[in-house]
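These notes open a run of structures that come right after.
One chain, subunit A, links the two complexes that follow: it is found with subunit B in the first and with subunit C in the second.
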Partner chain A sequence: MIGTKIMASNFANGVLILSIFFSFLSNLFFFQKKFNLSIRLFNFSSTLIIFTFLLLIYFFYSSNFSIAAVYENSHTLKPIFYKIAGTWGNHEGSLLLFIVIIAVYGSLFSILFNKAESEKFKSWVIFFQNNLFLIFLIFLITTSNPFDIIIPRPIEGLGLNPILQDPLLVIHPPFLYLGYVGFSLTLSLVLSGLVNKNLNSNWAIISWPWVMIAWVFLTIGITLGSVWAYYELGWGGYWFWDPVENASLMPWLAGTALIHSMLVLKLKNQMKSWTSLLAIITFSFSLLGTFLVRSGVLNSVHAFANDPDRGVFILMIIFIITLSSLIIHILFSEKNKPITNFFLSKESFVNLNNLFLLFFLFVVLLGTIYPIILSIFDQTISVGPVYYNTILAPFVFIFLILMSLGPLLKWSNKIKLQALYIYIFIFILCLVLSIIIIVLSNSYDLILFLGIASSLFLIFSILSEIYKGSIRIKPFYLPRLLSHMGVGIFFLSIFLNSYYSYTKDFEIKINETKNFDNLSLKFVDHSIGKIENYLEMKTKFEIRSGKEVFNLEPSVRKYFQPNQITSETSIKPTFFSNYYLAINFPDSQSIILGARYYYNYLIHGIWLGLLLIIFGGFLSVFKKRI
Partner chain B sequence: MNNKTKQRLSFFLVSVIAFIIIGKFIYESLSKNTVYFFSPSELYISTELPNGLIRIGGMVKKGSLIKAGNRYSFIITDFKNDISVNYIGIKPNLFEEGQGAVVEGKLSTRNSLMASKILAKHDENYMPKEVADALKKSGDWNKNYGK
Partner chain C sequence: MKFFLVFIISWFSIAYANEAQDRTNSITKNLRCLVCEGQSVYESNSDFAKDIKTFVSKKIKEKNTDEDIYEFLISKYGEEIILNPDFSNKFIFLWIAPILFFLIGIFFIFRRSNEIR
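Right after this comes the complex of A and B.
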C-alpha cells in the first residue's frame, strides 16, 4: 500500500522532470534553427505539465495524504468540490497552476497562429514563452514541489482555511491567474516583435486578442475577489485597499495603459517603444503581485502560510525576467520618428490616459510598498484607505472628463472646435444635475459634487455618441462604448455609495428591538446545527423599514478543522440599495449577539459597471481588424 | 532663444512645478494616513509618546478581560510590559484571552489606550505578523504560537 503511494509521487516527479527535459530540448533545437521541432517539443512539454496538474487534482480528490501538499491543505471531511479546489488553494498547487497557464497560453498561440510568412516570429514567441515556463518550472521543483511525500502517511489532513471555502473563491484565483499569467504571452509577443523588428501595426493586430483576453480575465478575477469580499468577509465593503488587492490592481492599471497604447500602434503605427515598455511593466507587476502575495512580506487577510525563502527566489526571478526584457528592449527598440501631435487629437489623449494610469499605479505602488520599505528599518506601519482616496479622487475627476472627450477627437487631425460645443452644454447640464442631487440629499461636499458631475459627463457623452450614431452603432465602437459606459456607471456608483451608505454596530438579545432612523431591527429566532465540517448558528431578524417588512437571516459558522469562525452575511437587495447584516459568534453562556448592520447604496451599480467593462473587453477580443 | 527652445523650457518648468506640487500632496497624505505599530515594550522605552492613531499588538493577558455591556477593558502584553486597553463596540470573533491581538486607537496615558478598532484577522494557527515579531523581539516567542 505504502509502496504504491510512493510510486504515485515518484511517477508525478518523473513527469515533471521529463517536462523540464523537453523544455530544454526545445531551446536546443531553437538555437539550431529547427523551429518546427522546437515548437513541437514545447507543446509536448506543456502537455506533460497539464498532465501533472490533473494528477495533483486527482490526489486532492482522493485525499492522498502521503502527498505533503494534500496533507497540509485538505481533510477527509471536506466536501468534494472544495477538495478539488484545494489543489490551487495552496502555494505549491497554485504555482503549478501558474506554470500550466503559461504552457496553455503558449500552446494555444502555437496552434491558433498559423501564418506561413511569420514562422520566425512565431518560433521566437514560443522560445520566450518556453523560457518563462522553464524558469518557473525550475523554481517549482527546487523550492515548492507539490509532489513531496510524507512517510509514514498521515491519517488525516490539516484542512483548508475555511474562509476560502466559498464557491466564489474557488473560481477567483484561476481567473486572476489567467489574467496575470496571460500577460506572459504579451511579454513573449513583444520580445519576439522587438527581436524580429516587426513591432508595428500588424504586430498589434496579431497580438490584440491575446492581450485583451488576459486583460478580461484579470478584470473578472479582480471583480470576483471584490464580490467575494463583500459577501463573505462581513465587512460590508467591496474594496479595502488591502495590499493583496493592490497587488492585483497594479498589473491591471499597467495593462489598461497597454491596451490603449496598442490602439495607437494598431491604427497609427506609433508608440512602438512605449508599448513594448508597457508590456514589460505589466508582466513585471503581475510577477510582483505573485511575490507580494506569496512571500509573506505582507500582513493581510490573504497572507496564507508563507515561506520567506521562496520570496527571495521570486524576487530574483522578477529581477532576472524584468532585467533581461529591458535589455532586449534597449538593444532592439526602434526609435520613433519625431511626431508632433496636436493637443486635441486622439494620440495625445491616449498619452494622457497612459500618464494618468501610470500615476494611479505609482500611488498604489507607493502605498503598498511603503510599509515594506519601513519594515527594513524596523518600523511597522500600515497605510490607511484615506491615503488612496484623497490622492486618487481629484485625478479621477480629471481622468473621467478627459475620458469623455478623448474618443470624440480625431486621429492626427485637429477637430473643428464647433463639434465640441455641444459637450460644453452637456457638461453644464451635468454640473446642474449634480447640484440638484446634492441639494436634494442635503449633503454638501465638494468631492461628491465633482464626482457625480464628472462621471455623469462620461455617461452622457457616450449616450450622445450613441444617439448621434443613431439606429446602427458601428460594431467597431461597441466594445469601447460599453466599457467606457461601465467606467462611468462604476464611478458614479462608487461616489454615491460612499456618501449615502452607513453602518451601525450593536449588541442585541433575543426578542430585543433596535431602532435606527426610520428602521427597526428585531432579533426573533436562532438555532444551532452541525453541517458537514462546521457548526452553524442561524439567526432570524425582522426588519421594518418604512412600510416594508422583511427578514434577514445571517449566520456564523464555527469550523472544526482548522478551528475558525466565519460570518455568513444576509443581504436584502432592493433596486437602489442593499440591506446587509452580519453577526458574530455569541459568548458561550448568553445569547447576546454582536451584529453589524450596513445600508449599502447603489452597490449594484458597481457590479453593473464592472460587468459592462468586462463585456466590452470580451467583445473586443473577437473584434475583426478595423 | 528660438521659439522651440522657449516652448520646451516652459514645458519643462511647468512639469517640474507640477511634480513638486503632486509630490508634496502625496507625501503629506501618506504621512497623515500612516498608522505606526508598537509593542508594549517599544512604547515603554520610547521617550516621546506618539499622538494620533497607533496600533499595539501582543497577547491578551489571561484574566484581564472585563466586560460591561459593550464596554471592554483588557491588557495587552508582550510578557515584559503591559498596556491596558479600553474599547467600546463589538468584540470580534476569536478575540479571546491568551490569544494574540492588534488594537488600533489613541494613547490616553503612557500605558493605557482608548481603542477604536480591534483587528482580529487571525485564526488559531495564524498569529498576526506584527504580534509574532513583537514577541520575538521581547524574547518570549514560543514556536507553537506560529503554527
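Right after this comes the complex of A and C.
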C-alpha cells in the first residue's frame, strides 16, 4: 500500500520532468527553425502539465497524505468540495495552476490562430510562451514541488485555512490567475510582434481577444474577491486597500491602460512602442502581485503559505523576465518620429486616459511598497485607506469628466466645439441634480458633491449617446457604452455608499435591546452546535429600522483544524441598501456579545457597475472587427 | 415635569454615550492592530485590539483629547500603531511623488499636442 503511494508521487515527478524535457526540446527545434515541431512539442509539454495538475487534484480528493502539499493543507473531515479546492489553496498547488494557465493560453493560441502567412509570428509567440512556462516550471521543481513525499505517511492532515472554506473563494483564485497569468500571452504576443517587426494594426486585431479575455478574467477575479470580503470578513466593506488587493489592482490598472492604447494602435497604427511597453509593465505587475502575496513581505489576511526564500527566487524571476523583455523592446522597437495630435482629439484623450490610469497605479504601488521600503531602514509605518482616498479622489473626478468627453471626440481631427454645447448643458444639469441631492439629504460636503456630479455626468453623457443613436446602437460601440456606464454607476455608488452608510458597534446581553436614533436591535436567541469540522454559534436579532422590522441571524464559527474563528454575516438586502450584522466570538462562557451593525447604502450599485464593466469587456472579446 | 427631566437627562446620556463611542471608533479605526495581519484595532477581535479599545474608551471617559491618547499610544507602541499617514516629514514623499509623476505626464502630453505649439 505504502509502496503504491510513493509510486504515485514518483510517477507525478516523472511526468513533471518529462514536461521540462519536452519544453527544452521545443526550444531546440525552434532554433533549428523547425517551427511546426517546436509548437507541437510545446503543446505536448503543456498536456503533460495539465495531466499533473489533474493528478494533484486527485491526490487532494483522495486525501493522500504522503504528498506533503496535501498533508499540509487538507484534512479528512473537510467536505469533498473544499478538499478539491485545497489543490490551489496553497503555494505549491497554486504555482502549478499558474503554470497550467500559461500552458493553456499558449496551446489555445496555437490551435485557434491559423494564418498561413503568419507562421513565423506564431512560432515566436509560442517560443516566448514556452520560455515563460519553462522558467516557472523550473522554479516549481526546485523550490516548491507539490509532489514532495512524506515518509511515513501521516494519518491526518493539517487542514486548510478555514477562512478559505467558502464557495466564492474556491473560484476567486482561478479567475484571478486566468487574468493575470493570461497577460503572459499578451507579453509573448508583444515580444513576437517586436522581433518580427509587425507590431501594427493587424497585430492589434489578432491580439485583441487574447488581451481582452485576460482582462475580463482579472476583473471577475477582483470582483469575486471583493464580494467575498464583503460577505465573509464581517467588516461591512468591499475594499480595504489591503496590500494583496492592491497587488491585483495594479496589473488591472496597467491592463486597462493597455487596452486603450491598443485601440489607438488598432485604428490609427500609432502608439506602437508605448503599447509594447504597457504590455511589459502589465505582466511585470502580475508577477509582482505573485511576489507580494507569496514572499511574506506583506502583512495581510491573504498572505497564506509564505516563505522568504521563495520570495527571493520570485524577485529574481521578475527581474529576469522584465529586464529581458525591456531589452527586446529597446532593440526592436521602431523609432518613428513623434506624432503630434490635436488636443481635442481621441488620441490625446487616450493619452490622458493612460496618464490617469498609470497615476492611479503609481499611487497604489507607492502606498503598498512604501512601508516595505521604510522597514529596511527600521522604521515601521503603515499606509491606510485615508491616504488612497485622499490622494485619488480629486483625480477620479477629473478622470470621470474626461471619460465622458473622450469618446465624443474624433480621431486625428479637431472637433467643432458646437458639437459639445449639448454636453455643457448636461454638465450643468448634473451640477444642479447633485446640489438637489445634497440639500435633500442635508449632507453638505464638497467631495460628495463633486463625486456625484462627475459620475452623473458620465452616466448622462452615455445615455445621451444611446438616445442619439436610439434606433439602433451600432454593436461596434456597445462594449464601450456598457463598460463606461458600469464605471459611472460604480463610482456613483461608491460616493453615495461612503456618505450614507453608517455603523453601530455595541455589546449586548441576551434579551437586551439597544436603541440608537432610528434603530433598535434586540438580541433574541442563540444556540451552539457542532457541524462537520467546526463549532458554530448561531444568534438571532430582531431589528427595527424606521418602519421596517426584520430578523438577522449572524453566526460565528470556530474551526478545529487549524484553530481559527470566522464570522458568518447576516444581511437583509433591500432595493437600495443592505442591513448587515456581524458578531464576535464571545469569550469563554461570557454572556456579553460584541456585535457590529452596518447600514450599507447602494452596495448593489457597486456590484451592478462591476457586472456591466465585465459584460462590456466580455462582448468586446467577440467583437469581430474594429 | 419630573418625567420630562428624566427623559432629557437619559436622552443626553445616550447622545453623549454615542458621541464617545463615535470618537472611540474614529480613533481605533486609525490604529493598527499590531498582532494581526493588516487590520485596524477597530476591525480586530484580538486580545490586543480589545485592550486598546477599552483603553481608548476609558481615556475618552476621563476627558482626554484625541491628541493625548495618540501621544500616549505612540510613546508606548511606537509610530507604527498609527494606521493612516499624515503630512509629516516621513510621509512627505508619499504625497509629493504622485503629484510630480502626474505633472511630468501632463507635460509630455501637452508637448505632443498641436495647438499649444
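Convention: the second predicted complex is superposed on the first by the 625 of 626 C-alpha atoms of A that agree within 3 Å, B and C clash if a C-alpha of one lies under 4 Å from a C-alpha of the other, contacts with A are read in each partner's own complex, and residues count from 1 in each chain.
Note that contacts are C-beta pairs under 8 Å (C-beta built on N, C-alpha and C of every residue); 3 or more make two chains touch, one makes a residue touch a chain.
These numbers were taken from a predicted model, which means no experiment stands behind them.
Trainee: Is this a clash or a fit when subunit B and subunit C both end up on subunit A?
Mentor: Once subunit A is superposed (C-alpha atoms), there is a clash between subunit B and subunit C.
Trainee: Could you look at A:Y387 and tell me whether it touches subunit B, subunit C, both or neither (first, second, both, neither)?
Mentor: both
Trainee: Tell me which partner touches more residues of subunit A in the superposed arrangement, subunit B or subunit C.
Mentor: Counting residues of subunit A touched by each partner, the higher count goes to C.
Trainee: Counting only touches as set out at the top, which of subunit B and subunit C does A:T503 meet: first, second, both, neither?
Mentor: After superposition on chain A, A:T503 lies in contact with subunit C alone.
Trainee: Output check: A:D242 vs subunit B and subunit C. Expected answer is one of first, second, both, neither. What do you get?
Mentor: second
Trainee: Touch check for A:N515: first (subunit B), second (subunit C), both, or neither?
Mentor: second
Trainee: Just checking: does A:Q379 make contact with subunit B only, subunit C only, both, or neither of them? Give me first, second, both or neither.
Mentor: both
Trainee: With the two structures laid over each other on chain A, which partner does A:Q564 touch: subunit B (first), subunit C (second), both, or neither?
Mentor: In the superposition, A:Q564 touches subunit B alone.
Trainee: In the superposed arrangement, which partner chain does A:N584 touch: subunit B (first), subunit C (second), both, or neither?
Mentor: Both partners.
Trainee: Mind working out whether A:L355 is in touch with subunit B, subunit C, both or neither, as first, second, both or neither?
Mentor: In the superposed model, A:L355 contacts subunit C only, not subunit B.
Trainee: Between subunit B (first) and subunit C (second), which, if any, makes contact with A:I150: first, second, both or neither?
Mentor: neither
Trainee: Can you give me the overlap between the subunit B contact set and the subunit C contact set on subunit A?
Mentor: 299-301, 303, 359, 363, 366-367, 370, 379-384, 386-387, 391, 505, 565, 584-585, 594
Trainee: Using the touch rule from the top, collect the residues of subunit C that touch subunit A in their complex.
Mentor: Touching subunit A: residues 14, 18, 21, 25, 30, 32, 37-40, 43, 45, 78-80, 82-85, 90-91, 93-95, 97-98, 101-102, 105-106, 109-110, 112-117 of subunit C.
Trainee: Can you name the residues of subunit B that touch subunit A in the complex?
Mentor: Within the complex, subunit B contacts subunit A at residues 22, 25-26, 29-30, 32-37, 55, 69-70, 89-94, 121, 123-126, 128-130, 133, 147.
Trainee: If we count contacts the way the header does, which residues on subunit A are in touch with subunit C in the complex?
Mentor: 235, 240, 242-243, 298-301, 303, 338-343, 348, 351-352, 355, 358-359, 362-363, 366-367, 370, 374, 379-387, 391, 395, 503, 505, 515-516, 565, 584-585, 594
Trainee: Which subunit A residues qualify as touching subunit B in the complex?
Mentor: Its residues touching subunit B are 161, 296, 299-301, 303, 305, 359, 363, 366-367, 370, 379-384, 386-387, 390-391, 505-507, 556, 562-565, 567, 584-585, 594-596.
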